[in-house]
Each structure stands twice: as structure tokens, then as C-alpha cells.
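All remarks here apply to the structure that follows.
Labels run A, B, C and D following the written order; every chain starts at residue 1.
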Amino acid sequence: MTDFAALSKQVSNWGRWGPDDELGTLNLIDAAAVRRGIAAVQDGRSLSLAIPLDDKGPQMGFIPGRINPLRSMIALNQPFSDDVVVMGLQAGTHWDALAHVGHDGVLYNGHPAAAVTVAGASKCGIDKVATLVSRGVLLDVAGAKGVDKLEPGYAVTGEDLDAAAGRAGVTVEAGDVVLVRTGQMQNFRAGDRMAYAYPSAGLSLSTAEWFHSHDVAAVATDNLTCEVYPSEISEPYLPVHLLHLVYMGLTQGQNFDLEALAADCAADGRYTFLLDASPQPFTGGLGSPVNPVVTK
Amino acid sequence: MTDFAALSKQVSNWGRWGPDDELGTLNLIDAAAVRRGIAAVQDGRSLSLAIPLDDKGPQMGFIPGRINPLRSMIALNQPFSDDVVVMGLQAGTHWDALAHVGHDGVLYNGHPAAAVTVAGASKCGIDKVATLVSRGVLLDVAGAKGVDKLEPGYAVTGEDLDAAAGRAGVTVEAGDVVLVRTGQMQNFRAGDRMAYAYPSAGLSLSTAEWFHSHDVAAVATDNLTCEVYPSEISEPYLPVHLLHLVYMGLTQGQNFDLEALAADCAADGRYTFLLDASPQPFTGGLGSPVNPVVTK
Amino acid sequence: MTDFAALSKQVSNWGRWGPDDELGTLNLIDAAAVRRGIAAVQDGRSLSLAIPLDDKGPQMGFIPGRINPLRSMIALNQPFSDDVVVMGLQAGTHWDALAHVGHDGVLYNGHPAAAVTVAGASKCGIDKVATLVSRGVLLDVAGAKGVDKLEPGYAVTGEDLDAAAGRAGVTVEAGDVVLVRTGQMQNFRAGDRMAYAYPSAGLSLSTAEWFHSHDVAAVATDNLTCEVYPSEISEPYLPVHLLHLVYMGLTQGQNFDLEALAADCAADGRYTFLLDASPQPFTGGLGSPVNPVVTK
Amino acid sequence: MTDFAALSKQVSNWGRWGPDDELGTLNLIDAAAVRRGIAAVQDGRSLSLAIPLDDKGPQMGFIPGRINPLRSMIALNQPFSDDVVVMGLQAGTHWDALAHVGHDGVLYNGHPAAAVTVAGASKCGIDKVATLVSRGVLLDVAGAKGVDKLEPGYAVTGEDLDAAAGRAGVTVEAGDVVLVRTGQMQNFRAGDRMAYAYPSAGLSLSTAEWFHSHDVAAVATDNLTCEVYPSEISEPYLPVHLLHLVYMGLTQGQNFDLEALAADCAADGRYTFLLDASPQPFTGGLGSPVNPVVTK
């Protein structure tokens, strides 16, 4: 049985970047990581990993209030056309802010959970992340297993990540942003939002150890829940979220569409690239939509 | 007196990329432009040009419905925290979609203005722009004139752009994204939204010719209106918008905060960089918030 | 086969209250009708017919954008608590404005459909209805048939309305507001939103004639679609909507919860009462939430 | 100097309707009060007291997030037209829920302030008020003083209410809903939102005693703040709010337009009427827009 408490201590980064730090593993993105990303660019072409922002998004009401984007017009050829949107900040392709979850009354680095109020996150909000640019690495777990997509509910392991990295010929380095492909996004693209939501292949507790030992700066997945769902353990709820956001300070992303990227990497054999996945600067935001852009 | 009709013909790109084109000058971003941006990176550090997304944004109600972002909480430490936002897509740092304005019943490339309906833009919407990555160039017009900020209502000319490029030692090339600094943003940063709004230094009709002759891919400014306001001519309304969006198909951005970038470029003497200013993929959107990120 | 065109002419009220009229049958509410409502009050107690306004409302996404109310907090004990809501104006218990539908390019009374723009309804908007107070009459069709609720898809006829009025001992008079109970609301109250939506018992084409001949001021039902759904005829779409809103100028309401009222009327044998169902004054609104209140 | 603590004890209704009560003085609306309202109706005509719900409403941003209604279209003659609104529940003509403010950690009747969370008010929310129908009484304080509107910042006293009642020939009885006219609404109607907001004539601490001794069921005013602003005392903030909502459990309304009503009552000499000011049933809402309708 997994000892969650022991694991959370093992992967903890509390205090690593000082008692006031609110960025966690994004601190690992240094000049070398950015230049590594720059050096990975050969062709001079870019690719978006975002799903469309509209009312056909993946939200189905399971999280009350996390609504798909509803865009409506406020001016129409008069002589210009303007629009307004209402949306959950975690509705589409997005990053969770570190403040998105707490555990035992605290956020990452021991900041009090009470730092999140109706006014938003005064600590560890998404606005603390001005830019998120580094080398990106695609770990195509489904591809490495020779399947289109992993089985529903499959828990990706550290060994799976090793296998995907090995197949890609990549050594993940400190400060890299890792994109883990399960193939789950194919359900959404096929219009089956229910199958996309649940059960879902995703990250396991063991991958947290892997990200920790590799000093990964951020991780994103091509599913709704980031972690495998149903979870491996019943308590606490969404344990991988807690390991990432609370204990490691690891910014995590969801609903990244990695299908075209996987095909592209398979075609040219290059699984590293420059990634700009900077969030939108919502003051006190608990997350942000993002248009992650790969440049190869 | 400026002959708007003649000018609009002179700078027109209609048909240049085929009768169905919806991207306009963004077509000028080719592999060479991206690689030029990559080659401009030396240090491996990034800088955001976005202003905060919150209810203290620059909108003051002059355009009814274009509201500053209002973020509110839908879950609070239960155990996670989620938020929802309502905002005008053109409220903060943003790109206008080419469909944002029409003239004489048509959009860019002759697409009918009726392609914009209450459902949004079926032609020339912001969702057609998957990525926007190229070499960026800062043309610090205020800096080149030796002032903190241009006079309110000053119309930036093509000569001003030449002077700024000359001072920067930059030759603007086809596919570059040009950022024009007027210093107007200082009013917003100082909390004076009214002075920020009006009157405003900004782009003149002559700069449209300049952008056209230099084959600029996109242009963004550090003010609310992009163009000088009040305008140089009384008819048509917002003439530079029409030249850019309708006739040239030139994607234009507003409310870019260029203050820190200007200081940075002055310090290291390098006014070119990699710029990722990819919009959010709002289906049919007339614009999009953007977090423009410079990497140097 | 029903001849829709003939029927629409037969029940038309165009011109009846002048060429500029935007109120339609609400003009029938005169002092006598109000006093009739007042005279129906014996006990001095009130009853609401509204369903709760929250994210568990009846909307399931079939009409894109017509979202259930999403209320979120903008201040929390600081020292006061405030909230903001986003909702479809037709999402819960509501009135349709006469401008809600047009036919062949026109609205009620021949006003052009183009009077409805992205700015809302400049003609026949809900804001034209300042107050809606009259005598209300419950016609409990399900009750008169001795069933809890009508069969799904049952088309209520004029004869059914006669039977219900007869059982109630009521003569419907000019200016009365008629509430027609099908029992369909029981599905919603039981949590089965799909069964509530479709198929649905509701008003038939023949009831339009009935309302016309009785000079009813407004009509409301306890279902989602007002009229029977699927419809009796395939063309035009939602034909009873067209008869009511476009040709008769008959304000119609949906999602009125008539369950408690039916029990109350059965208990005391009194099916008439004072009804205040005044809409909220949304300028140019195509409809409005309403809390219809019965006083007996 | 006013002893706020003593006054709050004096007017307290805690425990009066049992330890679980969430309705406060609305309990005073009994059958006699409703019948008294019914008996006041002579003519059979109705009048709305609501201001328009649109983006020209009285909110100017002083309370962040309390936004004027922004209505936008989600369907336009396709073939129907639908709209969606986002608005502060306290933005226009509205009732405050008793949960709107707390004091010293408690709400009305000693309910914990913690009963208000990001999910809304689980105690004393506006949804607990299904209907609000009673006899209404207009106390035209400005009219009784012979002025169009009271001086800005004038604190209405209990003596002023006596004078207005005396002039009207009305004896306020237990369960009546009292509408207090200051004339402040004229500023809003004239388009001067700043003058409407501040400084404002309004209710004083002494009127709380008056409402308490007369067993008024609810009170509404024709200004933004309900109470006089700036306040008579510096601590606590908005003291009349606290007396009304926390200690008396007195539901209070703001932004009621009493201008036409005052003229009407002056013309026929009748200052009592039936009032239906039932809120909209927002689950857990801290307030609600209301269209208060007078029937005379």
C-alpha cells in the first residue's frame, strides 16, 4: 500500500527556494533550460496544443460552475464587432495554479490555505507565473506501448516514462517541461466527452517521484484529470494533485491536445522543442487557459 | 487632405494569398522569420508584455459591454479552489481579429461583413490564428525622440518608425512583428485611465504605408486605441483600423505594456527577440486576450 | 391537416391595438381584470410558482448559451457579502418577450424582425411590460383527466381546457392570465431533466384558437417548451410559439411550477386568484425570469 | 453620542420567532396584512418601482464586482432570439438578503457568519423569501418637507417618518412594507450617477427604532445606500445595515424608484396600496433584483 504521507515528504520541495517562494519547480527554468529549448528548434514552425474555447468544451457539469466558454456578442458591425466571454478558468486547456488545491490547511511551501479567499489567491496564484518558456519534451506513453491510446483508467508509471523517453532518445533534464501523452484526448476529439472524462488513463503516484528525481519544471497531460481516475488510493482525494501542487510545487496542466504533436514527433524523430505555455495574467487566479505553442 | 480611398487601395492585400485567405499578413511569418526570431535569442530569459487581467483594467465603459475581467470563485478549498471569469475579449492586452471591423459591408479580402453574426465570426475569426510566433522588433518611438512618452494625440509617422529602427540598428524584414512604443502605457501604470484613453498618441495613416512596404506580419502598440486618437481625419471612423484589418489584413494588438521591454532593450542594445504572442483559440472570436512573451 | 397560414390569420391580433402596439394581448388587462383578481382573494396568503434559480436548473445545453444560473461570490463577509450571476434570461421560470421569435421576417404586429439586433429588441422587448398583474386562472388539465401528469407528448386541446375550466367552475374572461397544468413539472422535481425536456405534453395549435376566442391576456405552462413537443406539424418550427408570439401577441411563460398550486386549488375548490407575474425590466430583453406569485 | 451596542440590543428581534428563524420581520406579514393591502386597492391599476436593468445602471465600480447588468445575445432570429445576462444581484432595484451583512461573526438571529461561503448563504439567503406581498405604505419624507429632494447627506429621522405618515393620513401597522422617499432617485434619473451615489440622504439610526416600534415587515428606499451616507457614526461601518439586517432581521431594499408613485399618491391622496415585491429565488443568494409592483 502506498504511504501517501511518506511519499509527500519524499517529493517535497518546501523551503527549497526559500520560505516565501510561490513558484515551486518553475524556479528550475533557468537560462540553460531556455537555451536548450531554443537549440531544439530546427525548422522554424509552430504548433498549438490547445483545444477550441467554446461551448462544446469538455466540461459536463461534474464540477458545478466550471463552465465551458460562452462567448456572446456585444457589438455587431456597428461598425466594429466585439464579444464577451464567461468561462471557468480551468475549463479548457489550462494550467492549475499552485493555489488550486491545499492539504491539511496549507498550500505549497506551507502557505496557509486561507490565502485563498473569495478575492482569489493572494499566494501561489497564476499571476505569479509571468512567463512559462522552456524546453518541452513529449513523452508519448501510448506511442511507446504501441497503442493508439492507453486503456481507460490505466495508471502511467515511472517506468512508462522511462520507456517513452528511451524510445524518443531523450534525456529529461532539470527545468524541462514534460508533456505526457496517454491518447485519452482522442475520446474528446471523437465527441465522446463522457469517455474522455471517466475513467481516464493518467499519472500515478509513482510518476510524482519520477518528476521529482528529474527536476521537471512543469507537467501537462492530454486528459481532464491529469492523474489517473479513479485514483489508485481512496484517500486523500486526487492524491497526485496534492503531490504536485502542494508538496512539489509542480505546476500541472490538463486538456493539452498532444495528438498532432505526437504524429509530428514520430515523423521527424525529434521529441524536444521550444515550448511557450505562458498563462494569462489573471490577478489572484486559481488557474488560466493557455495556448501552449511548440516551435520546432 | 488624405485620400482614404486611394490609400486603402495602395496598401490592400486582397487576393494576395488567394481569394479564400483569412490570415492576411500573418502569412508572411515563414520559417525564415521564426528562425530569425530564434537566432535573436542570446541570454535565455523571457519577459511578459501583458497587463494584469482584473477589474482595474483600462476599460471605463466607453464601449458598452467591453468589461474588464471580473473573476469570481466557484469553489474555495473544498478541497480545491476554482474560479470563473467574465470579460471582454478586447478588454486587456489583446489582438483584434481581422473580423473585428468591416468597411462598406466587407471584411478583409472581400469576405462579407455578414460573416460576423451573433454566433461570432465565421470568417477571419481569431480562431484562424493557431499560433503567432516570429521575430519581434521594438520600435521605441518615444525613446528615439528622447522623451518618456509622446504628447497626447501625437500621430506617429513612418519617419518616426524609420528613426526608431535606425536608433535600434534594426532592419525590419518581411514577417517581423513590430511593437511600437509611444509611452502612453505610463498613464495606465500611474492609475490614470482617463489620460490613458484619450487623447492618445498612436499610429497614423502613414504608418500603414510603412507596415505595408516593410511586409510586417502584425503590429501592436502600448495604447488603448492602436491608432492616434482623435483621428487625423473625421471619416471614416478609426481609419487606421480599417487600413490594417480590412485592407491589409494586418493583425493589430493593443494594450501591450512595452515599458520594461524598452528599458531592457536600451540596456543591452538589442531590439529584436523571439516573440510568442499566440492568441487563445476562441471559436469565432472577434479578438483574444494574449500574454505576449519576449525571449531574448 | 392543419393549415397553419389560415390559423395564423384567424387568431391574428395585428392592428387590433393600433399599428405601433408592442404589448399584444396584455392590453386586455384592464381595471376590471385587476379588480377581478383582487376580488378573488379571500385568505390573504401568497404562493410562489417559480423554480429555484441555480445551476441545477432545467437547461441541458440543447439551446447553446441558454445556461442555468451560475451565481458566484464577489465579496464574502468583508464585511458584507455580494454575489453576481450569469444566466440565460429564458433559463428558468420565465416569460418570453413577444420579440423572442419572428416569422417570415416579422415580429408581432408586423414589426420587422430586424428590430432585434445584437443590442436586443428595440420593439416588443420584455422591458415594454412594466407590470403583469391580473386575475389568474389555473386550468389543471391533468387533474381534470384524473391523472398525475399527462402522457409525454400529449397535445392539450381546446376541449381539454374547457373540461378543466368546467371542473374548476371557472369562466375564463377577457384579460385573465391562464396557467395550464400538464404535470410535466413532476419530472423536473424528481430530478429527471431529460424526461422533463422531451417528449413533453403541452399546448396544441387548437389551444391558440381557444386563447384567442377567450381573449386571454397571457398563458403559462409547467413545461420547458410551452407547446407540445414534438410538434403536431413539421413546419414551421415550434408553430404554437409563432401563433402566440407573432400573430396573437400573446405573452407566454414556461417552467411555471404549478404542483403546489394545483393541490391548493383542489383543496379549497378555488381556481382563481390574484396573480402578479411582472417581469424584470431588462432593457431590450428577449425574455425575463419571473417569480409568479399567487395571492388567494 | 449614539451607543450602537445599546441600540442594537433595543431593536433586536433575535429569538422572537424561534432560534431557527431566517425570515425576521417578514414573519410579521400575516393574513391581516395581506388583506389590508388587498383592501387598499380601488382602481385596479399597477405601477412598477424598478429602474431599468441595463449597463447604464447606478453601479460605478465603487464595489468591485457589483456590475450593472450586461445583457448579450446568444441567438438572433435563428429563428428565435435568446439572451444571457451577467449582473450583480445588488446592482439595480433589489432586496438585500439578511445574510448580506454580519457583525461580530454572526448574522441575524445569531446564525454564524460562516454560514455564508463561496457557495452562497446556507442561512438567511434570499431564497428563503418565497413571496413578499403585503400592504405597502409610501412615506414621502421629501414631499412632507415640501421639497423635491432632501439635501445630500440628510439623515431621515423617526420624526420625519411621523410627519410623512401624518401628512399621508396613514397609520403604519404591523406587517406593512414601508417605502421611504428621499427624492435622491432624481439624481439618477437625471443621469448624474455620482450625485446619486454620494453624499446621499437616507435612513438614520433613529429610524431603526421607529421601524422596530411599528413592527414594519420590510423597508425600501430610493437611494443607493439605504441609509444616510456618510454615516452618522464612524464605527461600525454602515451601522443602519447592521441594525436592519443583523439585529432586527429587517429585509431592506434599495434603488426603488418612488418618483411616479409619489406623484400618484399626491394626486389621489392615497398612500397605501398592495405591494408585491417578491424576490427572484436565487438559491443561496445574498440579494435579488426585484420589480416591486404597486397595485392601487
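Note that a contact is a pair of C-beta atoms (placed from the backbone, for glycine too) under 8 Å apart; a residue touches a chain by one contact, two chains touch by 3 or more.
These numbers come from a predicted model, not from an experiment.
Visitor: If you tally the C-beta contacts, which comes out ahead, B-C or A-C?
Guide: A-C
Visitor: Interface check for copies subunit A and subunit B. Shared numbers divided by all numbers used: above half gives same, below half gives different; which is it?
Guide: same
Visitor: Centre to centre, by mean C-alpha position, how many angstrom separate subunit A and subunit C?
Guide: 47
Visitor: Quick one: subunit A and subunit B, Cα centre-to-centre, how many Å?
Guide: Averaging C-alpha atoms per chain gives centres 29 Å apart.
Visitor: Can you list the residues of subunit B that touch 2 or more other chains?
Guide: Subunit B, residues with two or more chain partners: 64-65, 67, 70, 72-76, 84, 86, 117-118.
Visitor: Would you pull the subunit D residues touching subunit A in the complex into a rising list?
Guide: Residues in contact with subunit A: 70, 72-74, 84, 86, 118.
Visitor: Enumerate the contact residues on subunit D facing subunit B in the complex.
Guide: 55, 61, 64-65, 67, 70, 72-76, 78, 86, 117-118
Visitor: Can you name the residues of subunit C that touch subunit D in the complex?
Guide: By the definition above, subunit C touches subunit D via 30-35, 38, 41, 43-48, 50-54, 63-67, 69, 71-77, 79-90, 99-103, 113, 116-118, 120-121, 127, 130-131, 133, 236-238, 241, 274, 276, 278-287, 289, 291, 293, 295.
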